[in-house]
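Could you have a look at this structure, given as structure tokens, before my questions?
Which chain is which? They are A, B, C and D, in the order written, and residues in each are numbered from 1.
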Amino acid sequence: MNALVVLLTLPLGGALAAVAFPAGVARGAALAAAAGTVAAALAVASEVAAGAPPRIALGGWPPPLGIALAADGLSAALLVTTAAVMAAVLLAARHTMAAGLAGPRIAFGFWPLALMLWAALNAVFVSRDLFNLYVGIELLSLAAVGLVAIGGKPEALAAAMRYMLFALAGSLLYLAGVALIYAAHGALDIDLLASRRPSGTDALALALMTAGLTAKTALFPFHVWLPPAHAGAPAPASAMLSALVPKASFVILLRLWTEALPDEASPAALTLIGALGVAAVVWGSLGALAQSRVKLIVAYSTVAQIGYLFAVFPLLPLAQAAWSGVIFLALSHALAKAAMFLAVGQWMAAAGGDRLEELRGLAQAMPMSAFAFALAAVTLAGLPPSGGFLGKYMVMTAAFTAGQWVWALPMALGGLLAAAYLYRPLAALFAREGASVAAPSRARQAVPLALAGGGIALGLASAEPLALLANGQPPIQAVVR
Amino acid sequence: MTFVLDAVLCALILGVAAATIAGHGVFRAIVFFIVYGLLVAVGWVRLGAVDVALAEAAIGAGLTGVLFLAAYGRLGREGAGGDAPAPAHLPAAMAGLGVTCALGWAWSALPLPDRPGPQLAEALPMSGVENPVTAVLLNFRAWDTLLESVVLLAALTGLWMLTRDAAWGGRIGLPQHVRPDGVMAGFGRVLPPLGLLVGVYLVYIGADRPGGAFQGGTVLAAVGLVAALAGAVRPPRIGATRWRAALVAGPLVFLLAGLAGAALGAGFLTLPPQIAGAALFAIEVALAASIAVTLAFLVLGPPEETITR
Amino acid sequence: MTVPLPVLLLLTSLVPAAVTFFLPQEAHRLRNALSLGGALLKVALIVAMLFAVAGGASYEAGLTPAPGLMLLLRIDALALLFVSLSAILWLLTTIYAIAYFGTKPQLSRFFGFFSLCVAATTGIALSGSLFTFFIFFELLTLSTWPLVAHKQDAPSLAAGRRYLLYAMPCSAALLWAIVWLESATGPVIFAAPTDFGTLAPNAQRAIFALLIVGMGMKAAIVPLHGWLPAAMAAPAPVSALLHAVAVVKAGAFGVIRVVHDVFGMDRMSELGLGLPLAALASVTILWGSVRALGQREIKKRLAYSTVSQVSYIVLGISLIGPFAVIGGLAHLIHQGLMKITLFFCAGIYDERAGVKRIEGLDGLGPRMPWTSTCFSLGALGMIGLPPMAGFVSKIYLGLGGLQSGAPWVLAVLAASTLLNAAYFLPLLYRLWFREPAPEVQGDERAPALVAPTVVAALGALGVGALAAAPVSPLAWATLLAERAWLP
Amino acid sequence: MTALTLYALTGAALIGLGLYGLIAARHLLRRIVAFNLLGSGLFLYLGAAGARGDGPDPVPQALIITGIVVALSASALAVGLLVAGARLSGRATLPEEAE
């Protein structure tokens, strides 16, 4: 059986099983499906790395009639990272989302929602069809909203509602763009669109799709829904929401601007997106500095880190390194952010809250999860030898070689701001005083540590991921209009 | 003459839509919305898209309308039924106007492209069905539809997560108090058999003529809703195994059929032409059942009655 | 499979670091054995290499994780000069630290980060390219923080915060400079001349300034020195690490690499960069000394003394002449030995006599003769009394000033010497000539603290007295200068 | 002007109306209704575009049916959130928009 098919269907099957069976069986089925999906992700990545990227015309119908799925280097890197994060999240959830601790309602709902979210991510990462991508991000959004609301507190419900409104508006704007594309070209396939006859309506379509997807990605000024939503969910859910969900809409955007419609990427539009990214870096960082709850600090940090991803857009048509750099930033953010939320979850369970003063001295009792947070902070601040550093370095180099050093500024500035806002929780953890708390076992603390270590390893062993990404990397536009 | 008819219809649609958005009172907005849905369904018939018209009438106006009315009732019970006055919002007006004008301009600038028409005509005989819309939904773009059936399930799972912990395990929806000799109970006895017939018919003919799993499933869901509202049947408990199996049957059969194609070497979601018709019918039946149950549960909402343990 | 020598040298501290983190607090013997074993192995490796490198050999190990990114380790004469200093002082500090901490809490964390710091310093020393240098430089920044804040009380955390507050913006400046430079020149390899290509002279100057900001923060060049006196809140072994083994030295070494290998002497003169740097170093020398005068806490006075003394190295490098360079390079070693002696002593005074402020030193000399003799030797060396190490450095720097046509350097040196005397001699006077305060008790029943101190003091004495020997730091510095100036 | 243009422009106007309602309305049920209006306008626009040329194109029709079902799923979840939120807060507006 084709690894790509397994990758897409196994989490779906697991989700169906988790709905259909009683809680104990459901959890077992979910974990088994997860293990298989991780293996499938690795298999797909190795196929791509071996120079044989899998490609399927579903049902045997090639586009424009059918839907094509294809894994390139970008998909493979995201699939593997997602698999790593999801595996860690589900391992952590095996304990915290069990009926005994979380109640029967959450013990029922968490697993299908998590697996549907995973299935949607995988589907989005390999789909080549703009409408299929719409269905994928809808599945993703609905599962994500469910996970935000799962905690059941009034703030969580309000956050989920706000998220829902942005997600709804965002989907329809995206869909409006897709409608225009189909109306103008009679095709939805990214590769067919790349060789289309340009239409005057393409710029509008791209604008609509971009507006919709940036609302879903929470780019400034559409970020207001993100911090309360990500902070209000239980820790394993927050980890998925913050680390993975924004990457889906981001990848679609990246593919639109570099693969499907690169000729519509006017410098002015790219500059506008870049400027919004810079604003997000500044705004998210300042927001994080102003918070006194560590979950909100970490959530605001996601706003800033998403800003990074968009601040690179103006460089995409100018320098090869910008593209790999921004993907490195996205991958290391995924690993580090998931590690942070999982670590915070363990502290909250031990200390009863996530205010900075409640965390004081926790490093004593939980050295491994505290160290995980510190390593993740190194990645987010873009310090060597992490993957975050490498991404930042590649982007800065791209900015200078393209003669556009302004776009290196947010990278440098954002790193400093990240160090500043992440210092506060670290200092609190590291403080001497500290009540004795019941610490989770070393094995459980090792889960976030492994993720954070992955963020560092991405920088130390960057050759393989870079070689992987080179498969199917879109060429830069030689001539800028 | 027909143009005048269309113009009048469009004017009506716009007028009712404007009333939905700008009118006073939430209840009135919902009623206008239902009327709007029926008018748009007529519009779809005028555009020659009968499948869409059926879907719009059944889902867009019918089920969505019931959903909103039920929500309005519940909000009233929570003391939140009153309208929250919204001041005129200039940025929103500019955004709305801007998008309208941009799309209006785009209409004039749209080229008439090559469409997958020839490929479709060539592939239709091998698809197992004669209704091209059903062929696109269940065969050519089956992956969309499979994911979409999971979207329904995701919405339901998310909705169930909104249950109060004290009500978890209870019967879904509001506790019903129907007088056995009332009008509602009468409806409950008469309508369901009729609806059942229509729903099954729509699923059955979907292969060749307008109709199909979604439209038929929606009618079946409506049957269940009416029966539940009339007190003819009691909604199941949230943990009931049989009903959960019904929820996943459609996506599961779809998924397994797709995987069978892959296992037989034809490829994922590939149906060999000789068995495509039968396979699609099986998928359509299972899908319709799941859609019916899921939609009915979605409209009924999470359990609300506190369980005494 | 054979591991290349540079990598092996790195592993001697990296492996103990990695293992130590996972050791339980109670595993004292294993932990100590790991640290000591690593340190001994490293010293042995270096000794084995010294003669080969003196004969012109060099060792290289490279790794290219991505196109355009090169991690290059290279052992040349300059690298060996720094790495031998840090290796020997690491060994001494490890012995001292094991005795100093005894069975205090959180030792696995301490020794883990300590070894990591040394690994980073080794990496800095062996870096063959600017990018590699930056990676290890940042690793040093990060692994130092848990050591500065080791006590986890409010002053330590404040010191740690201050350290990061200085370090982070300066490393951003460093990264900016590296990216700017390398986007024009390609990877900067220390062993090969840098081709500045199309970069405008002013851009080159700006890059130089940013590089100096990045390195200068660690070298505590005024006005980027504020973190160093604050960091004296850390325990004595950490002070030794900051002031002698690793951090400050890494900054000074970075300045040497930038001037010597990135820009090169000719370009330095062409762009007129030597004089401003020399002026900055002179200001730092004088300002550090003046501030040291006002300090009443022993460790703070020593810290300001470091601010002043490290800029001798910078001054020597910036004067761009053989003698000055010899003086500067030799001082890298000299200052390390002298300052580690002084901080070891300050730690012993604190631990064994409870003395933190200079008033407490009254009459301690006769009671703690070994410690006080070492302290006195270090202090006299700092002042520059012949035949101590500091004297040798100052002579060469003075000659270098004259040789490079900057006689004002003599005035700076004279003023600095006077100030050195003014802040060190009163301490010696108190130690040996004041009546002891009755409540101050002190003893030296801690051989593992005293022994490394004595060795360090003897080293400081030896490198000065035996400066003419063929393997002295001076001889090594001369060798380096000859290679730089004689084709 | 042809009938198709008429429906397309109606669709465009519905999209604008829906977007206005989605942003400007305070009562969340009205916002969800506006979302449905917006979606339905969009489908009308796409349907009109698909009906150009030689006969109706079945692909957009299939896309629209999928879109209608997705919209209902989203509406149901949104309504559920609204009712659950109102049960806890007694309001049918977002907390920051409560008067």
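Going forward, contacts are C-beta pairs under 8 Å (C-beta built on N, C-alpha and C of every residue); 3 or more make two chains touch, one makes a residue touch a chain.
Per UniProt, the chains are C = Monovalent cation/H+ antiporter subunit D family protein; D = Na+/H+ antiporter subunit C.
Only a predicted model underlies this, so the values are computations on that prediction, with no experimental measurement involved.
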Work out the mean Cα position per chain and let me know which chain is farthest from subunit B.
C
Distance-to-centre winner among chains (Cα means, whole assembly as reference)
A
Counting C-beta pairs in contact for B-D and for A-D, the higher total belongs to B-D
Centroid distance [mean C-alpha coordinates] between subunit D and subunit B, Å
13
Roughly how far is subunit C from subunit D, centre to centre by C-alpha average, rounded to an integer in Å?
68
Rounded to the nearest whole Å, what is the centre-to-centre distance of subunit A and subunit D, using the mean of the C-alpha atoms as each centre?
27
Approximate Å spacing (C-alpha centroids) for the pair subunit B, subunit C
73
In subunit D, which residues are in touch with two or more of the other chains?
15, 18-19, 23, 45, 49, 57, 59, 63, 66, 70, 73-74, 77, 81-82, 84
For subunit B, residues contacting two or more additional chains:
99, 103, 110, 115-116, 120, 141, 144, 148, 151, 154-155, 158-159, 162, 164
All chain pairs satisfying the touch rule are A-B, A-C, A-D, B-D
Going by the contact rule at the top, pick out the subunit B residues touching subunit D in the complex.
2-3, 6-7, 10, 13-14, 17-18, 20-21, 26, 29-30, 33, 36-37, 40, 43-44, 46-49, 51-52, 55-56, 59-60, 63-64, 67-68, 71-72, 74-75, 78-81, 83-86, 88-89, 91-93, 95-101, 103-104, 107, 110, 112, 115-117, 120, 132-133, 135-137, 141, 144-145, 148, 151-152, 154-156, 158-159, 162, 164, 214, 291, 295, 298-299, 301-302
Residue numbers on subunit A that touch subunit B, as the complex places them
1-2, 5, 8-9, 12-13, 15-17, 19-20, 22, 56-61, 64-67, 69, 103-106, 108-109, 112-113, 116, 119-120, 123, 131-132, 135-136, 138-139, 142-143, 145-146, 149-150, 152, 157, 176, 180, 183-187, 197, 199-201, 204, 208
Under the touch definition given earlier, write down the residues of subunit A that touch subunit C in their complex.
321, 367, 378, 381, 383-385, 389-390, 393, 396-397, 399-401, 405, 408, 412-413, 415-416, 419-420, 423, 427, 430-432, 460-463, 466
Contact residues on subunit A for subunit D in the complex?
131, 135, 138, 141-142, 145-146, 149, 154, 157-158, 160-162, 164-165, 167-169, 171-172, 175-176, 179, 182-183, 186
Over in the complex, which subunit D residues touch subunit A? Could you list them?
15, 18-19, 22-23, 28, 31, 35, 38-39, 42, 45-46, 49-50, 57, 59-60, 63, 66-67, 70, 73-74, 77-78, 81-82, 84-85, 88-89, 94-95
